[in-house]
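Worksheet: one structure, shown below.
As written, the chains take the letters A, B, C, D and E, and residue 1 is the first residue of each chain.
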Amino acid sequence: STGGTSEPEESEAPAETGDAQPIEAGERDLTLKVGTILPQSGALAFLGPPEEAGVALAAQDINDADLGLQVEVVYRDSGDTTTDTATVSVTDLLSQDVSAIIGAASSGVSKTVIDQIVAAGVVQFSPANTSADFTNYDDNNLYWRTAPSDVLQGEVLGNLIAEDGNATLGMIVLNDAYGTGLAQFTRDAFEAAGGEVVAEALFNEGDSSFDAQISEVTAANPDAIALITFDQAKIITPALVGSGYPGDKLYFVDGNLSDYSADFAPGLVAGSKGTLPGLDVGTLGDFTDRLLEVDPALQDYSYAAESYDALVLIALAAYAANSVEGTDIASYLRQVSGGSGEGEKVDTFAAGAEALAEGNQIDYDGPSGPVTFDENGDPTEATIGIFQYLDDNTYERIGDG
Amino acid sequence: MADEGGTDDPAAEEEYEYFFTGNVQFEGEALEGVLITVEGNGFDADTETDADGRWTIGVPEKAEYEVTLDQDTLPEGVVVLEGQDTVTAEFGLTKRKAVNFFLGEGQRVTVNYFDQVVQRVVSGLNFGLLLALAAIGLSLIFGTTGLSNFAHAELITFGALMVLTFGVNLAWPLWLAIIVALVLSAALGWTLDAALWKPLRRRGVGLIQLMIVSIGLSLALRYTYQFFYGGSTSQLPGATLPSDIRFGAVALSWVDLVSMGVSIVVLLAVAFFLLRTRIGKATRAVSDNAPLASASGIDVDRVIRIVWVLGALLAGLAGILWAYFRPGVSWDMGFQILLLVFAAVTLGGLGTAFGALVGSLIVGLFVEVSTLWLPSDMKYVGALVILIVVLLFRPQGILGRRERIG
Amino acid sequence: MDWGAIFGNAAVELISPTTAAYALAALGLAIHFGFTGLLNFGQAGFMLLGAYGYAIPALKLGWPWWACLLTSLLASVIFALILGIPTLRLRADYLAIVTIAAAEVLRLTFTTNEFAPVTGSANGLSEYQRDLLTLNPLPDGRYGFGPWVFSDRAWFFLILGWIVVILAALLTWLLMRSPWGRVIKGIREDEDAVRALGKNVYSYKMQSLILGGLFGTVAGIIFVMPRAVVPSYFQPTLTFFIYAILLLGGAATILGPILGSIVFWVLLSFFSGFIARAVEAGWLPFMTQVQAGQLRFILVGVAIMLIVVFMPQGILGNKKELAFVK
Amino acid sequence: MTNSEPTASPVLEPTGDMVVEVRDVTAGYLPGVNILNSCSLTAREGELIGIIGPNGAGKSTLLKSIFGLVKVREGGIFLQGEEITNLKANKLVAKGVGFVPQTNNVFPSLSIQENLEMGVFQKPKDLKHRLEFVTEIFPDLKKRLGQRAGSLSGGERQMVAMSRALMMGPHVLLLDEPSAGLSPVRQDEAFLRVKEINRAGVTTIMVEQNARRCLQICDRGYVLDQGRDAYTGTGRDLLNDPKVIGLYLGTLGTDE
Amino acid sequence: MSSEITPKAKPVKSTGLHVGDPAPGVKKVDPILIADGVKRTFGGLTAVDVEHVEIPRNAITALIGPNGAGKTTFFNLLTGFDKPDTGDWSFEGRSLAHIPAYRVARMGLIRTFQLTKSLGLLSVMENMKLGAKDQTGENIFRGLIPSLWRKQDREIEDKAQDLLKRFKLDAKKDDYAASLSGGQRKLLEMARALMSDPTLVMLDEPMAGVNPALTQSLLDHILDLKAQGMTVLFVEHDMHMVRHIADWVIVMAEGRVVAEGDPHEVMQDQAVIDAYLGAHHDTDLGSTDTGHVEAIKELIDDEQ
């Protein structure tokens, strides 16, 4: 997942009503075939399992609801950009006449396949892309995403770091759309609050050690350090704290906020904080438990909720359109998300489908937050949680941004 | 100091949805009891900073406000620069907005340039020694069989993964896990040679073809690791314990010291092996001319077997140290430094053991030191450019020798 | 198990533009390595220059397609010269590492955030195809037969790609049977001997480097036409795969690289389809979907090994050569 | 002198134990192409055998197949009655067979001293006194024991190659053109030394293009043509056989 | 495969090549190659230190000397394969210093290598064709148009065919050069050098390893070439051959030119005999009579 990041529409205000298409009341009898291209192999493979679990859980919920729409999911590998697996997978999926493809995780991979998917009239729905390039992409309105905007998370993180009384900030940033985008908005927010970013060291995907970046940032002696990375934080954090930097002055982001109890020496990051989009687990009930039922081996839940919502939204749009054509689904996606401004709030597929069956407009909000699409297919809202590490290197939610 | 970041003043919370919040500090110290006023859109409110120097004010709508710090409430001797006591602030997309007042000179003690250079040089040497350990195995195998073994990366990863398996997953004592990992690394080298390379040599497969086999092997092994260990990084026991052994500006951990020590001792031992022992000389003879070596009574297959075992053992050891040095174990950790290892071996002169050492140190130093000038996401560029430049002047590598013509 | 779909997908790879691109890049390597003996491991660098050399002027300067094409060819020639001047004096194995290093330097330069406004850094660039697409004579829509049903745009790139591959193969064939080709092959065997016969070895090597590099460059353009360009395509792994393709087909052959590319992609697609379906069908109960993705690469790796083990000279290579390889 | 028809059977049947016996050997490199066609050769204890023949006749191939470096397809090779067909070279060294190949006969990146050490790889204890013995034969080498063999001149290499084989103190010595590239005085020395070593009990088989010299010193000669042992006889006989002269020896050096 | 040798009449020797007494560095009437102060050291070892030497045109000159005298190194220096520490040398009046090897070759100065360099995976015929000079098709652009080079290529092939026949390699012409025997490689090396009609051909031990009968017939060919105007400089340890065809002999030892002159005279020179030829060079070494061994031993001991 990655993002030079779109400036989401300043539109708390819903779009003018009336552009919503009517919903036909009545029973449905649809079979929806959806493919995924999520990373099973390659450098981003660690992101794959929770995303696939999210999709699988959604499929299970939809099929259990048994409301006249059955989904069938075909899982394929997106690999990473080095292997060019994604095009092969997409060819395979398209040959099976899927209506929509969920993926990819990485913006680079999504770019590789978007033309191929869109040309086939199939919806591409990424749970994790944040690159600004997709906002105005010539996609026949078929590209959608549930990934939270970097602007939101960056602002929350920047404010959080400032609020904690840090005057100076250092950042270690993954050089890709995700890292540089999030870093940019974090910096903006932090500097607007009166702080100064005194060091920003970038590294590339595939870099093996981070000594140079760590010494560059610690040499500037910042009050706090934000780690805007994926899994690399697991390497950077102990090296950083090992080099003498306090372990409670670090800030994590969604790409790397995970349970480090098994990896780090106790107390290594106790007191450090992080941000993670999504609703409070407390309000979600047993979402994560149910994910674990789907895939007991899951270690973290990055983008699981976004993936879940992606499939539910596709299913709801298909239900609303009473069609499994990709273009039909696309034409309803915005309004079932509440993007056209009206509709009954629902937070499960079952509730949504029931409302649709009665001919009502709906506004779906799922475990990833209050999903609402703008006319480009980008989400406009998100809830960003704020978390803090405990002595055992697990984290708990301490508020919302 | 675990602040309750994000939790709000309960009183304000009931009243309004949007908040300004911030800190007032002087020279890094929190100031208590400073009066802060928020004004705008016909709204106005004030509050005082708490013991941590923090304040929060709720406002009714998302708009532009002026936040003012009341200079009169500042302690004796603290002043705000002209015009910096009022800040115009506007909400972004979220409901909270931080406005901080950091007063005073705010002198940050940064690390001076010289100390930075020293730090980088030390970590460069450390990294270089580690590379050397990995490189020397590669160089040995190249030197003896002429094979550029791209699967060497996976031999490096293997050592670390085995310690992970036995030391973490099976929770054996660390020393035992390391010994088992080294034994298994050596066994892997033995097996690879016995099952793959020896039969291929028998059939007289060319060196480039063998190199491609090694690329295939690398791919297969790497993804096998991913198959069993997943795509994420893990830590070995004790790898994340912070420690601070300090020599002036340089912070070293016990891991660094041990790894440097082990590297030096092992490298010396390998050099002795190559230059002084009969088998060591035989490895060079085999690399020069295997049929002739055989005609001299050397059991070529046995020598190559020994080299594979030794090379794999050194790679495994390098992997374990690398897992502590980085720190972290992952399925592609070896592959990530493969190019640097190759660069080191080439820079020093292919097939020369000392060359591998010299090349590794140069590469290690350049990777770490060059980022003082280069952007850090280009840190490998320095080392690779130096490789190209050196070969421009010494096409046979630093310690390599030119062959005579005719 | 849906064998129809598995084979259908494999059939698509038979003619896909990606296959064409890899074939062309491999043909370039055949010139470098197969015929001249230059162990160029930086083919990915040439491809990168093709992709960016085309995309940057198209996007940032709005140049027409032919100007973009010329830019990338020019960039490639310059790169070959810069790379060649220091490296062509090196022994083959040194050359290999130096060319990898040079290609990596290029990739890292295009990845770094410093030049993001021009290169798009790690995010890459997209939608530079517009001007070329105006040439598309095909009517809008999706058509074709059997498994080969594509959009007009896909057909356009596909046809363009294969035309270039055929032209390049023809050119290579003409050259390799000419006295020029003889000198090149002589250099592969022993450049000192060729030098002693009065041939300017350095110049020939440079010509070969440039020509093969140009093939790589055009391959880079073909590769990124149906998609976007991000620097991480051009990792050393790409070159490794192209080498595998080359050896699979036969290093010093002309149709070998093309056949190799086809076999490689068809196999890859076949493995992908088969393994994924086998897991879905519960044939491999011990394996998760995610592991299925990894298994495919394990199989690709093993397949590369097996191919070399059982056909060291490649599908079209000359078996007799084997007795003399060093 | 009057032998107009070269004899196919040796004039003089030496006595003594059979040391090397090549029995109807067929061998080659490429599949389907035989270089040696049921070629036979015998060497008895203490004999010095010379092999001559045109270029490409298969002389080197014969030596290589005795030494296990070329695969024997048919027939057998025996060392003191024991079958050694296709045995690995290092095993043969252990049995006391030494070999100097025609080309690529030194380790270029090893020093001369190390090259010689490789000669006694299986008996490192002998190093010192063998080294003395060998440097006495080729004093040129003594001065430059530390020089890398790869930088040596053609003749110097040849000396190293021969010394390496002599280092192991072999029981049977196979020499492929040992004199090539040596200056005349060194050639003569080399031949004399070979003779001397042979007299000391080392059965020696030597391939030579310096055919006259070779036949002058050897007990028996074989003429190989097109992979077959065409003629054999004592060195003297062959030397004076007009047919052999016409076909293989030429007249250069006799008529001046 | 072997054919009868019909001994030819004694070759016609060129005489009157030098000006003044035949001493090292003597002036030649018509020198084609002149070397001055050429010196090359490797570490502490002076491999070549030639003060002055001239090679006569349209004659066959032999360069002899003990092993390690610097003959091959001198060849390398003259042909641009190695760079001397100091020195000038010129070919047909044009200085060759700093001229790369391939240009030296194009000027008509072709050399062969002592340790042969065959192009293994090219057929013997292709090896030969590569030797021809000024091939139109060797330009990358012209190479694309077969009609431009077809005819020339055929002529080259015919010429190669002739040479191969002479060198007894015609049966092997379609085989890879890698499959040649040691002696056949030597032959190929020499035949290939002759493909380019060189003005001066420098042969480094061309006959080492070549069957004596064949050597003899090849010498006749070389003499033919000399008759057509070619100059030959060759290194050789076979004194019969030197005596048979050389018009002039240059002796090198320890890097220096120590003697020059007519072959017969030079070979009578005691210094040359001591350092190079050896005392019993023209004697029969063998005698089956075992009592002779003692005598042989003595002979060797005398040497040292």
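As a convention for this text, a contact is a pair of C-beta atoms (placed from the backbone, for glycine too) under 8 Å apart; a residue touches a chain by one contact, two chains touch by 3 or more.
Here the structure is a predicted model, which means the values were calculated and not measured.
Q: So, comparing C-alpha centroids, which chain is the farthest one from chain C?
A: Result for max centroid distance from chain C is chain D.
Q: Go through A-C and B-E and name the pair with more C-beta contacts between its chains.
A: So, comparing the two chain pairs, more contacts are at A-C.
Q: Tell me which chain's centre, taken as the mean of its C-alpha atoms, is farthest from chain E.
A: So the chain farthest away from chain E turns out to be A.
Q: Mean of the CA atoms for each chain, then the mean for all of them together: which chain is nearest?
A: Answer for the innermost chain: C.
Q: Just curious, how far off is chain D from chain B if you go by their C-alpha centres, in Å?
A: Those two chain centres are 58 Å apart.
Q: Counting only Cα atoms for the centres, state how far chain C is from chain E in Å.
A: Using C-alpha averages as centres, the distance is 46 Å.
Q: What whole-Å value do you get for the distance between chain A and chain D if each is reduced to the mean of its CA atoms?
A: 77
Q: For chain B, give me the residues that contact two or more of the other chains.
A: In chain B, 223, 226, 375, 377, 380, 405-406 touch at least two other chains.
Q: Would you give the residues of chain D that are in contact with at least 2 other chains, written as numbers and ranges?
A: Chain D, residues with two or more chain partners: 29-30, 151.
Q: Mark out which residues of chain A touch at least two other chains, giving numbers and ranges.
A: 39, 41, 45, 48-49, 175, 202, 204, 206
Q: In the complex formed with chain D, which residues of chain E make contact?
A: Checking each residue of chain E against chain D gives 1-2, 4-5, 7, 42, 64-69, 71-73, 114-115, 168, 172, 179-184, 186-187, 204-205, 208-216, 219, 237-241, 243-244, 275-278, 280-281, 284-286, 288, 290, 293, 296-297, 299-300, 303-304.
Q: Flag every residue of chain E that touches chain B in the complex, lowest number first.
A: Contacts found on chain E: 72, 75-76, 81-82, 113-115, 204.
Q: Write out the stretch or stretches of chain C touching chain E in their complex.
A: 171, 174-175, 177-183, 185-186, 188-190, 192-201, 207, 211, 252, 320-321, 323-324
Q: Write out the stretch or stretches of chain A touching chain C in their complex.
A: 2, 4, 39-41, 45, 48-49, 52, 74-77, 79-85, 87-89, 91-92, 95-96, 107-108, 111-116, 119-120, 131, 133, 137-138, 175-177, 180, 202, 204-206, 295, 297
Q: Can you name the residues of chain B that touch chain D in the complex?
A: My answer: residues 278, 281-282, 284-285, 287-289, 291-300, 401, 403-404.
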